[in-house]
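As written, the chains take the letters A, B, C, D, E, F and G, and residue 1 is the first residue of each chain.
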Amino acid sequence: MQALTHKSFAVNRKPMTFWERLYLINIIKGMLITFSHMFKKQPTVRYPEQKREFSPVFRGLHVLNRDEQGRENCTACGLCAVACPAEAITMEAAERQEGEEHLYKEEKYAAKYEINMLRCIFCGLCEEACPKDAIYLSETFAPANYTRKGFIYDKNDLLIPNTLTNATALAKAKGVEA
Amino acid sequence: MRPVRFNLNPKEAEISEAISMGKAPDGVPGDGFFATQLSSVVGLARKNSLWPLPFATSCCGIEFMATMASHYDLSRFGSERVGFSPRQCDLLMVMGTIAKKMAPVLRQVYLQMAEPRWVIAVGACASSGGIFDTYSVLQGIDQVIPVDVYVPGCPPRPEAIIDGFMKIQDLVGQESIRRRNSEKYRDLLNSYGIQ
Amino acid sequence: MALSNETIQNKLIEKFGDQVLNFSTASGILSFESPKEINLKVLQYLYEETSLGFTFLTDLCGVNYPDNIGAELVVVYHLHNFTENIRLRYSVSTSVNETAVFTASKLFESANWMERETYDFFGINFVGHPNLKRILNVDEMDYFPLRKQYPLEDQTRIDKDDEMFGRG
Amino acid sequence: MPIEYYIFLCLTLFSIGVIGVLTRRNAIIVFMCVELMLNAVNLLLVAFSKMNYAAAQAMSPTTTAGIDAQVFVFFIMVVAAAEVSIGLAIIVMIYRNTHSIDINFLNRLKN
Amino acid sequence: MTLLAFDWAFIIEKLILIVIIVLTTLLITLYTTFGERKVAAILQDRPGPNRAGPFGLLQPLADGLKLIMKEEIIPTTASKWLFILGPGLAMTASLMTCAVIPWSTDLHLFGRTIALQIADVNIGILYVFAVVSMGVYGIMIGGWASNNKFSLMSALRAASQAISYEIAMGLALIALLMSTGTLSLKTIVADQVSGHWWNVVYQPLGFLIFFICAMAECNRTPFDLPEAENELNFGYHQEYSSMKLGFYLFAEYVNMIMSSAIMASMYFGGYDLPFFDESTVAPNIAAMIGVGTLLIKIVLFVFLFMWIRWTIPRFRYDQLMNLGWKKMIPLALLNMLITGALILSKL
Amino acid sequence: MEHQSHITLPKGSIEKTTTTLNIGPTHPATHGVFQNIMEVDGERVVSTEQTVGYIHRAFEKLAERRPLYQITPITDRLNYCSSPINNMGWHITCERFLQLELPKRVDYLRVIIMELARISDHLICNSIVGVDTGAYTGFLYVMQYRELIYEIYEEVCGSRLTTNIGRIGGFERNFTNTAFTKLEKFLNEYPKVLKEFESLFARNRIFMERTQGTGGISAERALNYGFTGPNLRAAGIDYDVRVQQPYSSYQDFDFKVPVGTTGDNYDRFLVRNAEMYESISIIKQAYQKIQNFKGAEAEVYHADVPEYYLPKKEDVYTKMEALIWHFKIIMGEIELPKGQIYSAVEGGNGELGFYLISDGGRTPFRLHFRRPCFIYYQAFEELIKGGMLSDAVVTMSSLNLIAGELDA
Amino acid sequence: MNTLEILFFALSALAIVSAVMVLISKNPIHSVLWLILVFFAISGHYILLNAQFLAIVNIIVYAGAIMVLFLFVMMLMNVKKDKEPQKQLLVKLVGVIAGGSFLTLLIALVKQNTSFNGREVLMKEGSIGLIHPLGQALFTDYVVPFEISSVLFLSAMVGAVIIGKK
């Protein structure tokens, strides 16, 4: 078949030279390469003791956001659940009662908000779908567990620390070491 | 912009809830001092010499490669001897989607492993089916074999796989040497139809 | 030079008359249909006619239109002429009750598995195929999962409830 | 050690080889029994060599009487090795053509 | 010198020596497995096992204990006795070689002269050769008894490989024997100690052939076809679990150490420390220095084995056979001829 | 007496001279899950029957239930060694279907990401060929640099392997400076490592003998079997979608298409290796072009298509119109035009095609993936017939079979 | 009974028992393994007789090469125990009786022959079994047969290869 483009070039497939036929030269060359690696710096991240910084956009465990007054942002609109390709998000909406204004930002809130981390594929679509600045992914990766029920993260596990009551924890969550 | 960088409440794994643990029922005398000592020594040996059998079917297998490779190096935990012979391995690492066509094979591999054996389900697909809630995919390998540790993520990053591996190590280290002969363990296997 | 969509259309009409129909061009690819009886003839003509030279079968797949009574199942061929760099889409349709379509695996080795896949998904029976059996699904499966009437989700699941798995 | 002991031992081994040749049908086993017989002979040869050597040594301490027997054993081994290589090649060959190593079956090669 | 001298003190002395040598070999082997993992790791830019004990030093013990505590599986279709015999044979055959290795000059203890060699057989090299040719039975029997097609295939590979490379190995040895004129390892080493040069200087090609054949006999990459984990999935020992598997894995390393020791003794002066006059120190100290020297040589050879393993790809079966029959054997013959010619020309 | 032409076999003798070997589904050589039921005569392969479908996940059915943007995570899991190419391929298909015009900078950014993905794909394939011939170390050397590629992905999209990178109309966010720094680091260091990797294998006689003349296929047969990508190029046909039907502004780049002659494993190895060098050169060019953008143009990372590209978060929080669009896109209420499209990109393994049929609903009516692996794996029997078992293993890895793509 | 006798009888018993096992094993692989044991026993005898060279060569040649070949061929053919059709019982019986009578006859012959009476075999001593005198003999008196045997061996090798190639 004729050439389809003028961009092609043939790969280097020249026959073995005499020295290459002897095996030894190239084997020794290879051995020198491996030997030189003995003195190279190991790139290894010794994980439990040493942790690599993830990128600021890393898609790990979710968090539910609060505003500056410590109120939950989520209004249980369900967009995140719709956007989730894995169908991992469950929520139940509830109306905000009198006297709960300091808890919830808007009139509706998520009475129950569960993410099944075992189903979740950490694609980040929920974060993108949220119109209320409520759900974000964090830089913590989801830890392993022994049971399936250890992966149902409910609201308490997801909410970020309250600014008003627990400022130190929030600072920690923000990664600002005091 | 993200409000925080970290989620501070990742769920702690309760080792007592693992299917292979569980407290002895009341009235059963505990092991003697010697047996306990032996158990802990053997546990120590076993946990540092877990030879994995990578049952890698898809994406998670690629991350497992990264875990094995120089950047994360699973061999630090004494488990670089990756074998594909079920007889020789201690830890079945199921990584990737297990389709219904594959399920009998997986079960067969599990049956061929020598006791004591542990199973770790790496990734969403192996643990629960993940996004593939479809007619052809097994919704979690715990439908066919008992699973000791689940690792979430799709695929989990190498740190997460190592985290799961260390959970298994904790489990292995605490296991009594008599457990595999116990009634409870037999019941567990029976519940999966394994004699 | 340049083989254009019009040339192909004219040549085809010249050869097969009104048996080739529904010519249209979408995003640069000419597509047309024909009765399923002559699919091999058309493919062979496209392959062997030197001025056409569609010698590469890019893709073969099935589509199910449950609303087109009598032509529920469609087999779509994507052909490619490398030298002229032109693609072609050709489809034949068949009824869901009478699903026999001639196999293209004699012409293209690559059609072998793609036809098996199409059989597996849609139950299109490729006549003359050397080894027509399920390829991706288990042999015991008794339906053709990609037809529109069959559900996507695993029906035997017992652990599926809203609490565990989202919206269900 | 009296020479009779060795003779009896070797005769027993030899006879076992003979019985094997007579009773087994597997060509390879038959072949192996032949090897067994050869070895019995070898052992006997060595024993005889030492018997003669013992007698000769009494007269002259530097004698090499009986060494021929051991040289013969050596040659027998060489021949046995050659025989095995050819024999096994033939058996493999037959097996490839007929899918059998049954010696009774080889009768049929006659016609 | 006969093999059957019944002097009880002598026998006790030898028994103690055997126990010490075997135990030392096993201990070294244990750490060779660890060494292999570490060497592999370091060549591959990673730290290797480092969490069992300080620097991971307890790793081999952990492996061993785990293997002992693991369930024994004998496949129902396997032939039971042979299945058990296989690994035992592999282990015994590889350990038997250490009988003729001269570890050092004589020790003088309790008024006795203790030779640091289990048996100075005057056909030492032939003995080594015989034992090496036994080694393949372990693999063959184990592979066959597993009743598994991959294992069987690997057993066949092992057998044909072992036989083919034994020939070249023997021919390389003959050239060495021609230049040394003795079959006793002790004499060979002693000659090198007293002579000026190590044998490798006289027999460079012979050493190369011997080294390559030794790699093939130990089933090390690039000759690890019987194991070939990517093709045969560990081959002959894939049905083995627990300590029987341990024996197989162990035997490979014992083999490696033994062939290193033999190569060091035959070509590299054994316990001879170059540029060092042993007569300047007390004989016992000289003996100890000799042991140390030999051990260092062994370690270097073992490292070389590992280094090669972690660098190059493995052969294909037919290429391996080609190399053995069409390259190694003619080369060894050529080497023999040249040696003969040189010896004759010197006469 | 009638002469018998052949000897009749006695009872109990073995009729079959070949052995049936079952390679897979869990065999180290089948990266992922395939089953090969091989008939071998000694070590020679007489015939083989491939069984696939062990991780069939019903992608095509799944895609019929998902709006366009939710299909991206599914495409991730096709060829997971180079998922960004799949993502981009899918976005390009959608954009062509919806007739969206993209700014050049987005195209170039995409080219960078796609070529990185191609490098990581070829890198895995070639190093696995090394592993399957028995040399494990080269694999670990280059894997370190795949890790760098992953770090770049992570910087851009937040994930390593299944990237879900990009959106219809552009990227979800602009590349950060860290990403570019990492890219520079990669471009500086990687060619050296590739060179080193090459010298470990390419001229080593053991490796050459293992791969030369094994698993070869002629150009005609390769075409008939539907080969594309590096495997077809190794057989000598310089078909490359990037050149033939340029997408994402590939026409702006100057690169060469390496071709082999015999289509054997060695050619495939060399072609992939050469392509990695070409990819590096493409990335360098693209990076150069990106640096040439100045001012507001240098910040563009998506097309201005409010119907399909999510509005800015700040606007969603504050502006009603943005919120409405946001809802519409997420709920998948933007109806697609009727019609069909076939669009292809050059994936790691060859022509990765998307055949999208829309009936005007919110989800595709039918979406078919042309998975290159699936199509060329048919030829496996022809490739290995008459060769040794070891050749079959090497051939399998040098074909770069990705189970996820194959079974879909 | 001294150690020598103990060793002699133990080795003899081992040899005979193993030889019998070669016969009666159903599985040809087992037969091969038993035969290897016979060869080891015979090598043991050689060592008792101080024929060191022959002892080692016996192991190298018989146990190390020939039997590996046998084993190899068996495995190559994958001969299973039920694959060998058994001879009729009568034929077997006749075979055993014939062999037995043969043995009896030979023993009777030896017993009658008085020339063996009181002849002793020199154990553990004597230098003729060592490599030096043997080599001397081989390369002086027997050099022609030695060379001829090497030619024989070579031709056997070539023959085997040619047969195998067919």
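Everything below uses one rule, namely that contacts are C-beta pairs under 8 Å (C-beta built on N, C-alpha and C of every residue); 3 or more make two chains touch, one makes a residue touch a chain.
Bear in mind the structure is a predicted one, so any value in this text is a computation, not a measurement.
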If a chain touches subunit B and subunit E alike, it appears here: A, F
Chain pair that, of all pairs, has the most C-beta pairs in contact: D-G
Inter-chain centre distance, subunit A versus subunit E - centres from mean C-alpha coordinates, in Å: 51
CA centroid of subunit E to CA centroid of subunit G, Å: 29
Centre-to-centre distance between subunit C and subunit B (centres being mean Cα positions), rounded to whole Å: 44
Separation of mean Cα positions, subunit G and subunit F [Å, integer]: 63
For subunit F, residues that touch 2 or more chains besides their own: 10, 13-14, 19, 27-28, 53, 56, 58, 61-62, 73-74, 137, 140-141, 144, 147, 162, 200, 204, 206, 223, 237, 239, 244, 407
Residues of subunit E engaged with two or more neighbouring chains: 40, 43-47, 229, 233, 310-312
Shared interface positions of subunit A, touching two or more other chains: 1, 4, 27, 30, 33-34, 37, 42-44, 46, 85-87, 116, 119, 121-123, 137
Complex contact set, residues of subunit B against subunit C: 100-101, 129, 133-137, 139-140
Footprint of subunit F on subunit A - complex, ascending: 1, 3-5, 7-13, 16, 20-23, 26-27, 29-30, 33-34, 37, 43, 54-55, 57-59, 79, 82-83, 85, 121-125, 128-129, 131-133, 137
Complex interface listing, subunit E residues touching subunit G: 2-4, 6, 79, 82, 121-123, 126-127, 129-130, 133-134, 136-137, 140-141, 144, 152, 155-156, 159-160, 162-163, 166, 183
Contact set on subunit B toward subunit A in their complex: 2-11, 13-15, 17-19, 21, 70-73, 76, 120, 124, 127-131, 133, 140, 142, 148-154, 156-160, 162-164, 166-167, 171
Subunit E to subunit F touching residues, read off their complex: 40, 43-46, 149-150, 153, 221-222, 224, 228-231, 233, 310-319
